[in-house]
Amino acid sequence: MKRRVLLATAAALMALPAASFAQGMDKVKACFIYVGPVGDGGWTYQHDQGRQALAAEFGDRVDATTYQESVPEGADSERVLTQMALSGCNIVFATSFGYMDAVNNVAAKFPNVKFEHATGYRRDSANVSTYDARFYEGRAVTGTIAGMMTQSDKIGYIGSFPIPENIQGINAAYLAAKKVNPDVTMSIVWAYSWFDPAKEADAARALIEQGVDVVLQHTDSTAPLAEAAKTEGVIGFGQASDMAEFKPSPRVASIIDNWAPYYIERVGALLDGTYEQKATWAGIAGGEVEIGEITDVVPADVKAKAEEVRDAIAAGELHPFTGPLNKQDGTEWLAEGETPDDADLAGMNFYVEGITGQIPQ
Amino acid sequence: MDIGGINIITLLATLIVASVPILMAALGELVVEKSGVLNLGVEGMMIIGAVIGFVVAVQTGNPVIGFLGGAVAGAALAAVFALLTQVLLANQVASGLALTLFGLGLSSLIGQGWNGIRPPLTRDVPLGPLSDIPVLGPVLFSHDWMVYASFALVVAVWWVLRRTRAGLILRAVGESHDAAHALGYKVRRIRMAAILFGGAMAGMGGAYISLIRVPQWTDGITSGAGWIALAIVVFASWKPWRVLLGAWLFGGISVLQLSLQAAGSRIPVEYLSMSPYVITILVLVFISSGRGRAMGAPADLGKTFHASR
Amino acid sequence: MVRLEKRANPSRLWSVATPVLAVVLTMIAGGILFAMLGKDPVAAIRTIFWDPLFNPQFAAYSRPQLLVKAGPLILIAIGLALGFRAGVWNIGAEGQYVVGALVGAATGLALYPMDSRLIFPLMVVAGGLGGLLWAMIPALLRTMFRTNEILVSLLLVYVAQSLLASMALGALRNPQGGGFPGSRNLSQWASSANPELVAGTGMHWGVVAAFISVIGAYVLLQRHMLGFSIRLAGQAPRAARFAGVSPTRLVIVCFGISGALAGLAGLFEVTGPAGQISLDFAQGYGFTAIIVAFLGRLNPVGILLAGLLMALTYIGGELAQFMLGLPAAAIQAFQGMLLFFLLAVDILTNYRIRWTKREAA
């Protein structure tokens, strides 16, 4: 046993200077850099779940024990990435948009190390790949539930920052809700934070006081659900992780970021020599966006409708943004039957027609 | 009572709940500063109180014991500060900052494995007929017991500081430790007691966040509330009643800002969020320029005391 | 009975010995903490204090990084120490750091994409001025209205942080950044970049400025009339008045110097290691510098060493995290302990401990 490990390590060491990944590797050291603590219960927690799944999948062949939490974006992340590369990591997963410059700078200096950047779009050198998830597909499912479940016809959305990912989510949720409930209106509150439990609780409260009875959140803590629990009849959804502790209500469903399939695929490719640079943007179909259990608080017909939307998106039969669609100012965005391309989606900076309010500039 | 699409009564009721943590911590810090000590470690003591309060409440199933645990934890961390600044005569500003750093780290260490758990619920206890009074009832008298306790503490702190001998001595120590020492008061012991009280209050304020406000444990849950508490003490010019006002104002602005957004108003969020601090600075200038020294800071605030004899 | 007796002059022996003692005590206490977490305490301590300097795998990279991390801390702490010596309490360096970076970056970005060697020097001037003007607010309020400068300078940190958020999301946001918060990258625009001056050394203009400030402060305090005034005002305020030292002038000068140095630190950071104005730009250098100033005993050479020690715990702490799997929180607690011990043992420098016979109180 011990001997085999020794041999494997020796082989890995010999493979390193050669750097001929095409031949595959016997052992891969995968490293992770997180923007928050692994105990945030949301974004970073899910990435760490993916890391653990990776370790479980490959056992001795992958060393996935190296990670660093709470690394600020900017100068510190560049240093941490460099030190990881120096410490013998073969592939580094950088799990925050703000690491973009650092990842590309460091990648240029370490051509033999693979860098994977979550939610970014720059791939300056051949060893940088990017990956992201189509969270908006999940929003279309929760938006459907929201539209059918609301008694007051008012749904609320807690945004983090007015960036394309949030705006995609807002538009997708609104369109899905509108489809099943033409009277629905949506209030949007920006928390200007990905994670600030007290503020998120206040934001949820502010929405509920406005008569909102379905709260969708794009921030990562469970605080909005805890706040929703205080008022009878208000429901919400788990964000990033399942947030199962708020089942069956107020958490009636959830959008789960499941990074495990991607991490296993990429490290597996590195092991068997099929690794290539790419830009991944998978959704429900790829398993990256998962809809958590829809609880019994939701009536059967609503649940059936939501699952229908989910399965249609997974099968590629339904796109959450299908024309005819107008922008908020009434100008045409998509013609009948048209769907946006990825560049259009990735740069989304407008609300669709029917949403009131303005995107903060 | 709707203004700009916002129901004023529910808004006020919300801001009263939202301001409890900063109110508790600020009241504690006020007593500390009145004794002439500046403890910048409020954030650290709050978050230790938040995590220990949470753990104790979950373990015992009793939120009241949780709050006690939070108070003890806050006081324990404050004891480190007291040891450093009162016994070992270290600089208060640096010690306070170190306290915050240590508290943030330790809390996250203790809190590992406590994420994603729901603490025992603390229910609202409407105060009988008082809660039926129009406007005042829902705003003031339909909350959980900690809200009432925080009101009571405002009165208690005011009464002790203004009306009792102990309060007089405490203030004397803060105004001039040398004079107080000459009169035979145990400056160091009094200050240590004040620091421990401040720690306990901050700890309870922190526990309110993790047990009632949010309620859950996550790393960094206090997210700067301790620093706001420090600002409130200054805003209040070291008067308990004004601490209450200050806490409502600071808590209120963040609530109001989100309510305005939810109601669809277009207001520049950033400027609103910096306004309490600007107002506080203006209040400070006003206090220090015109209305005499009596309203200002304790004269010996932040100075190290060493009795040469 | 233990009794403390104030020394007429700080002990030279102890002022050198106490930091060493503190580090040793921290190693013991930290070792116990790490052992409680199930990690090898010796390996952890070695990773934090030894590996960044001497481990063949990392040292070539980490050693220069010490300078990068320590540079802004030293630069800010030097300015603060002058004030602290004179009894002028500027604890809002974090705000001056942010405003310096904002003003400097705005100046540069206003000229984008002009190509000129004059832009960077202009930005340096603007950054220093920005910090200086921000520091003038508490200074002038202090001299005109006797407003407590500790509190005003602290409150202005919050204002500066809100300003930073609004600039990163609004006025200074990169128009080509896809709606994401954050400015253009200043380190990648030749006219505004603050690059490494000699490859592999970590020296950038900010580090150079830090060294100059150490020498300048040393000369100032030893040889210059202003330095004499500062020392006198701190040690014997009444005597200083009789000697003709104007307290008003001293407050303005001390705040001016510390504000300008903090502003410069911010400017060098935003054009170099950080690269851009982002929501995460304020990383607490201004507060950490207060600690550095005290650890260095308000002495320029001491501050230089304290800044490097602080940087070592950051970089070594990162290594310990991903080499040994120590949680980030443990490192933070460890740093807190180091500060506690340094502050605690300082008493030996200024006081003599006397063991006296029990007397009747």
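All chains are identified by letter, namely A, B and C, in their written order; residue positions are counted from 1 within each chain.
Just so it is clear, a contact is a pair of C-beta atoms (placed from the backbone, for glycine too) under 8 Å apart; a residue touches a chain by one contact, two chains touch by 3 or more.
From a predicted model like this one, the values you see are computed outputs, not experimental measurements.
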item	value
Shared interface partners, meaning chains that touch chain A and chain C	B
Most distant chain from chain C by Cα centroid	A
Pair of chains ranked first by number of touching C-beta pairs	B-C
Centre-of-Cα separation between chain B and chain A, whole angstrom	37
Mean-CA-position distance for chain C and chain B (Å)	28
Residues of chain C whose C-beta touches two or more other chains	165, 169-170, 327-329
Of all residues in chain A, the ones touching two or more other chains	37, 192, 360
Residues of chain B engaged with two or more neighbouring chains	108, 112, 219
Chain C contact footprint on chain B (complex, rising order)	38, 40, 80, 83-84, 88-91, 93-95, 97-99, 101-109, 112, 219, 227, 230-231, 234, 268, 270-271, 273-274, 277-278, 280-281, 284-285, 287-289, 296-297, 301-302, 306, 308
Residue numbers on chain C that touch chain B, as the complex places them	4, 6, 37, 89, 91, 137, 141, 144-148, 150-152, 154-156, 158-159, 162-163, 165-166, 169-170, 287, 290-291, 294-295, 327-337, 339-340, 343-344, 346-347, 350-351
For the chain B and chain A complex, residues of the former touching the latter	5-7, 10-11, 14, 18, 21, 108, 111-112, 115-118, 209, 213-216, 218-223, 225, 254-255, 258-259, 261-264, 266, 269
Residues of chain A touching chain C in the complex	31, 37, 65-70, 72-76, 78-80, 82-84, 86-88, 97-98, 101, 121, 161-164, 167, 192, 346-349, 360-361
Chain A-touching residues of chain C, taken from the complex the two chains share	57-58, 61-62, 65, 68-69, 165, 169-170, 178-182, 185, 188, 269, 272-276, 278-281, 283, 315, 318-319, 321-323, 325, 327-329
